[in-house]
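Below are two complexes that have chain A in common, paired first with chain B and then with chain C.
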Partner chain A sequence: MCQMYYKIGEKMYKKTMMELKKLLDHREISSVELIKEYLNHIQQIDSKINPYITLQEEKILFQLAQKSDQKRREGKHGILEGIPISIGDDICTKGIKTTGDSRILQSFIPPYNATAVERCIQEGAIVVGKLNIPEIGTGSFCSEIEETSFVLGSDREGELRQSAYFCGRFALKPTYGRVSRYGLMSIASSFEQIGPMTKAIDDMDLIMKMIGGVDDKDPTTFSEPWITLQKETSLQNIKMGIPIFSKDIPCDFFIQEQIQKIAKQWNALGAIVNEIDFSALAYAPLVNQILTSAEASSNTARLDGIRYGYRTPKYKSIEELYQKTRQEGLELGLKEKILFGAYVLSSSHYEDYYIKAQKLRTLLVDACKQIFQDYDVILMPVVPFEIGNKKEGKSIVTKYQKNIYTSMANITGLPAITIPTGYRLEGHPFGFQLMSSSYQEQLLLKMASVYESKILSKRK
Partner chain B sequence: MSLEKEELKAIAEMVQIEMTKEEEEIIQKDLKCIFKLMDDQLQKIDIHKELKPMVSPCTHPNRLRQDKVQYFEEKEELLGALPMKNGYFYVPNVL
Partner chain C sequence: MINQYEMVIGLEIHAELKTQSKIYCSCSTQFGSDPNTQCCPICLGLPGTLPILNEKVVEYAIRAGLAMNCSIATKTKQDRKNYFYPDLPKGYQISQYDQPLCYEGYVEIPLKKGTKKIGIQQIHIEEDAGKLIHTKEGTFIDYNRSGVPLIEIVSKPDLSSPQEAKQYLERIRMILLYIGVSDCKMNEGSLRCDINVSVRKKGDIHYGERTEIKNMNSFSYAVKAIEYEAKRQMQVLEEGKTIIKETRRWDEKSQCTVPMRKKEEAEDYRYFPDPDLPYIYISEEQIERIKESLPELPNEKKQRLMSTYDINGDDAELLIANPKIGQFFEETMMYFSNSLMAVNWIMGEGFRLLAEKDKETEIFPFTAMQFAEFLQLIEDETISNSIGKKVFEKMWNAEESPSHIVERYGWKQISNPQELESIIHEVLSQNQKSVEDYLSGKKVASKALMGQVMKKTKGKANPRKANEILKKRLKEKIS
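After this line comes the complex of A and B, so read on.
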């Protein structure tokens, strides 16, 4: 008797990608049924949390699903055939509005797909819609949602990993150059990477294998192959460091407590856990603030109302056209970032801020290299302050420091992963972060997989 | 470093951003606070003159593609992104 994977009453949108793949492969569900259930679910949550900026037209979705079912019947299906995916709205999708959640790009429909998206579509994935993000990737996705089984998002200062933290998901910021940036809206080019947010580690392994690798359209991509995850249960000889928290490396006391608990879990799983001097972390907000703003001020110069996007209706001169278009089309947060960036790039402040930050970036890379001579991974919080905490988002100091633990991976180009703990704190899921040296994503996935099978599976 | 109103206005003009009075006040207040935080940190650390500024986190050489002409098939979609009026591309008046 053949094994059945579908149980009556089960919610498809709660399933992992591999679970959906099994159901589709065994013809226990069709892509059309899957799309129907997703659309119903999205309709229910849309009015409450509004996760999507743009949803693909229903008619097109059903056509794509029917094609997928047909391909499956003919045995010509791709690895992700008929599986719905969601994409962050700062990643280009051919024929689907891509606004970066900015008024200035409110009507922009890209004529091409980002390479990462194209590679998923080539394998049969169906793009359901574009997820809400703060303007052009300057923050994390909204709230905890049961979105599609996986999401492709951008990570400039830790947005993707922070979104995963708030949603109780896994998210990977790959080594710089692992995934092509072609089709990702450039804001901070030397910081940003596209990565997956998933419900399970097996899903992440498969997606990374698919979206990673050399792309002629992005010269920073490298050919280091993705080695498929080898499931292991032992973590012997893995050395893990935890930064010592201080006034300069802030962390709410109760998050510190959780990190200590998680360290004990890793210890019980066989890792050797030690406190480390990671004082370089204190400078991450400074380097991040100066360099991402400088890159953003230059990259956003193209949003001028001439080439594409929003254009102010009333103007008397070309200068007024530029100024009014940008005044009306950009949000306050991005304006502030552009102004700050232009200031640190101006001739009188270039040496004092921009060059110093670039030198500090070298120091931070050296500090990480030093640590990774003795340790395999660094265990860190994802955010230093808890969501819902009065401090969060209100004071400029906390705004400045909120990416302290995530931005380090973007500054140095190193890979880092968010792992959910499977329990809720302060009303939302809780998680932590692991960072490793360059090209060591497989180690991060191996560790996440051990945590998933030994700790998370017991909580389900 | 303190950021004066006039300096902020000059920078805004340079990057072609018009600000409302309210935005100007918020941005000036925020940036003053950020500069204070940064200056305090920069004073504490010794950055050697010889240290090399880091431009990119790439640890591998860039892969440059061949300088070959490629055909772009989605011409219609590309042109569709431009503003149109009565069948013509609508460009701003620059004179």
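After this line comes the complex of A and C, so read on.
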């Protein structure tokens, strides 16, 4: 018996990837129709909250969709055939402008795809457009609109996980080296990973299986295979730790309350939840700031106006070309990072800052290892303060602590996932974070899947 | 004044490795292609691209390290050297800072008397930059060279004269050529060096302040630059002034070193470990395997040539400096036993004619077997030494064997005593004046008579035998 998945009037852009896949597989909708609906929707979005920096040309999109439909008819389709995806603008897309959200690269069109993008395209995905890059603590990825069923974004100190938190989505920062960084514009090489942001855990599982794994273009990738999500409902013997909040590990009271509430949910689901001493967290913002700045100062040196991108129109010497190009082309936030990074790397401060921060990084890795000897996961907030400018002003959390709960995973290379609670606080979606030891993404996905089926589905 | 001082010299030699592809991508390293035809997003430093280390580079560098008696690191890293220059696409050069691949080695250089060990502080791997091309229309950049692998060989400050520095440079070049890791073509820039020079009063245990002369791409310029720079420093000190630590360059036009940048402008390269590249691990087995694959090295070969063929150090040195000639010599010795004679012909007429005929070729146009046959003709007095020179030259053009050449030109030596007797008899009777001179005590007159013998025989008379007979006949006339 033929089951109908598609109800007239249903919004396609609200569907999960698996749902779209079923609709396409059952020919209840075509890729061309899907693209048409996405484009209509994007046009209706207020330009103020439009997250797209660049949209793929309509003509090309329809060509690709037609080709996908053709392939499907011939039975030669890939896993993601005809499914629209969006990519963060710091991830290279062949033939589509990739600016890194920066003026200096305003005209840069990469002649190559990032490996993660390439793997999706190989399976038939259609890149609809490039999304702006969220800043830490703001989550401007998607605001309140519903975009493509999944997004590939970068996570350096928690941007992707915070974005998901602000949008009510799932997002994974994989173990460092799980996903190739080839094609991701490097800012903080040893911290950043490409990860998926999805509406459902099944989607995430499928995408991770596809984009992860060894890439001969990135020597930091590893060969540990992705273990497909095993749907279990039992959380017996799962040990979950929650950090004890303090002056050094700050979290606004209201958020603390929410985390306690979530801990109770987990407890009810069968996990053993305990408070843990995670004082290492206090050092995360500092280590993050020193080391990501150091790497950024060097990584962005190639943006010099010589070979590609913006070049200042008037200059008298090569020094002036560099100075003016970078002065005019780089954003203030990045400039701050570059200056600070150059400072901590300079020969007179290297020992005091860079080396000490590296030593601290090792200590933080050890501290996490220690915890994961006794615990399977750590439950943490994603953002330590309430959303909304007024409240932020009153928060006990400083500017540099906005990433305190997310940056630890980047510092240590450990995987961490944002899971939405499905309810809103002050009109904004709310969620939490789980972090595990290396290569344990399947545990994170399993837990997210339990939460999805036991808690979230009831809420819908 | 100069005698009161001694020089302390250290060299940093950059050698391009002749791997097929670049150090961090698969682009070709071929020299001389059209500008920017051997580039890809990786060696152009496009955003998002990552380096992948070419393992051949590590292997080649280890080869060099082992050939220069270095210890090999079993774990090492790569660092970024940060600076802005248009030929540097990433804004940093990937190099090695404090954990070089090879360290603490030495090479032995020949001196007029004996040899000297020159310490090698380290050998590390790094990438080359592109090249700026200045024209009337402006400056252009060719990135073909960007990412070509280099090794930097850093010596200890063990060199104490320009001549030693030259010997050292030549020894390093020879070793690199022997082990086949670099073409060492200075005109193509595949071998260049920076020179650190300081001077101090003899007996002083502290080093003087040093200057660095950058980017020398000729051995002879290097010698001149060191000579100039050391003298300049001595003069500065004699005037009671102090040496400024600075970078200089050799100006060939004015024949002196000129400052490039001063200490206060010195760059801070902000070295730090490259986070894109994992540690390099090298196993003992790998080192052992490379060690076993090394060919005979120049010094080993020199010792062997000296002991096997009983030749002197200078000759052996010339043979190892020209490996193809050395091999030719050794092949010759399979068919011929007088090593001294072979060496003399190679070093004398051989090198003279090689230089004269064709500077590009490094080897004789005939086989070692033919050469041995030629030597044998002289050895058994079929031809004389002077005829030998003619035959040798003919061997350059003809494809004939030396015996055929001798035959065709009728150059066979006249050694038959009866034949010689009659020729000498004739000469004596036709040159009464010389004979009388001889008899009156002018012994040199015999040389004139011998000349006549040679003239008559077109140089074919066996000089030893003819001389014997001539002396005998002249003596008879005295008595």
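We adopt the following convention: the second predicted complex is superposed on the first by the 440 of 460 C-alpha atoms of A that agree within 3 Å, B and C clash if a C-alpha of one lies under 4 Å from a C-alpha of the other, contacts with A are read in each partner's own complex, and residues count from 1 in each chain.
Methods note: a contact is a pair of C-beta atoms (placed from the backbone, for glycine too) under 8 Å apart; a residue touches a chain by one contact, two chains touch by 3 or more.
Everything quoted here is computed from the prediction, not taken from an experiment.
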Scan A:F108 for contacts with chain B and chain C and give back first, second, both or neither. both
Comparing chain B and chain C in the superposed model, the one touching more of chain A is B
Quick one: is A:S68 in contact with chain B, with chain C, with both, or with neither? Answer first, second, both or neither. neither
Touched partner set for A:Y176, first chain B, second chain C, both or neither: first
Tell me the contact category for A:C92 with respect to chain B and chain C: first, second, both or neither. second
With the two complexes superposed on chain A, say which partner A:N288 touches: chain B (first), chain C (second), both, or neither. neither
So, A:Q56: does it touch chain B (first), chain C (second), both, or neither? neither
Regarding the shared-chain residue A:V365, is it in contact with chain B (first), chain C (second), both, or neither? first
- request: Check whether A:K324 is in contact with chain B, with chain C, with both or with neither, and answer first, second, both or neither.
  value: first
Which holds for A:S186: it touches chain B only (first), chain C only (second), both, or neither? second
Chain A positions within both the chain B interface and the chain C interface are 108, 110-112, 190, 216-217, 219-220, 297, 301, 304, 306, 308, 318, 322, 342, 346
Listed in rising order, chain A residues that touch chain C in their complex are 91-92, 98, 100, 105, 108, 110-112, 114, 181-186, 189-190, 216-220, 294-295, 297-298, 300-304, 306-308, 318, 322, 342, 345-347, 350, 354
As the complex stands, chain C meets chain A at residues 41, 44-53, 80, 82, 84, 86, 89-92, 141, 268, 270-272, 275-278
As the complex stands, chain B meets chain A at residues 1, 3, 7-8, 11-12, 14-20, 23, 26-27, 29-31, 33-34, 37-38, 41-42, 45, 47-48, 51-60, 62-65, 74, 77-78, 80-83, 91-92, 94
Per the touch rule above, chain A residues touching chain B in the complex are 94-95, 108-112, 176-177, 190-191, 214, 216-217, 219-222, 282-283, 285-286, 289-290, 297, 301, 304-306, 308, 311, 315, 318-319, 321-324, 326-327, 330, 332, 335-336, 338-340, 342-343, 346, 349, 352-353, 355-356, 358-363, 365, 396-397, 400, 411-413, 438
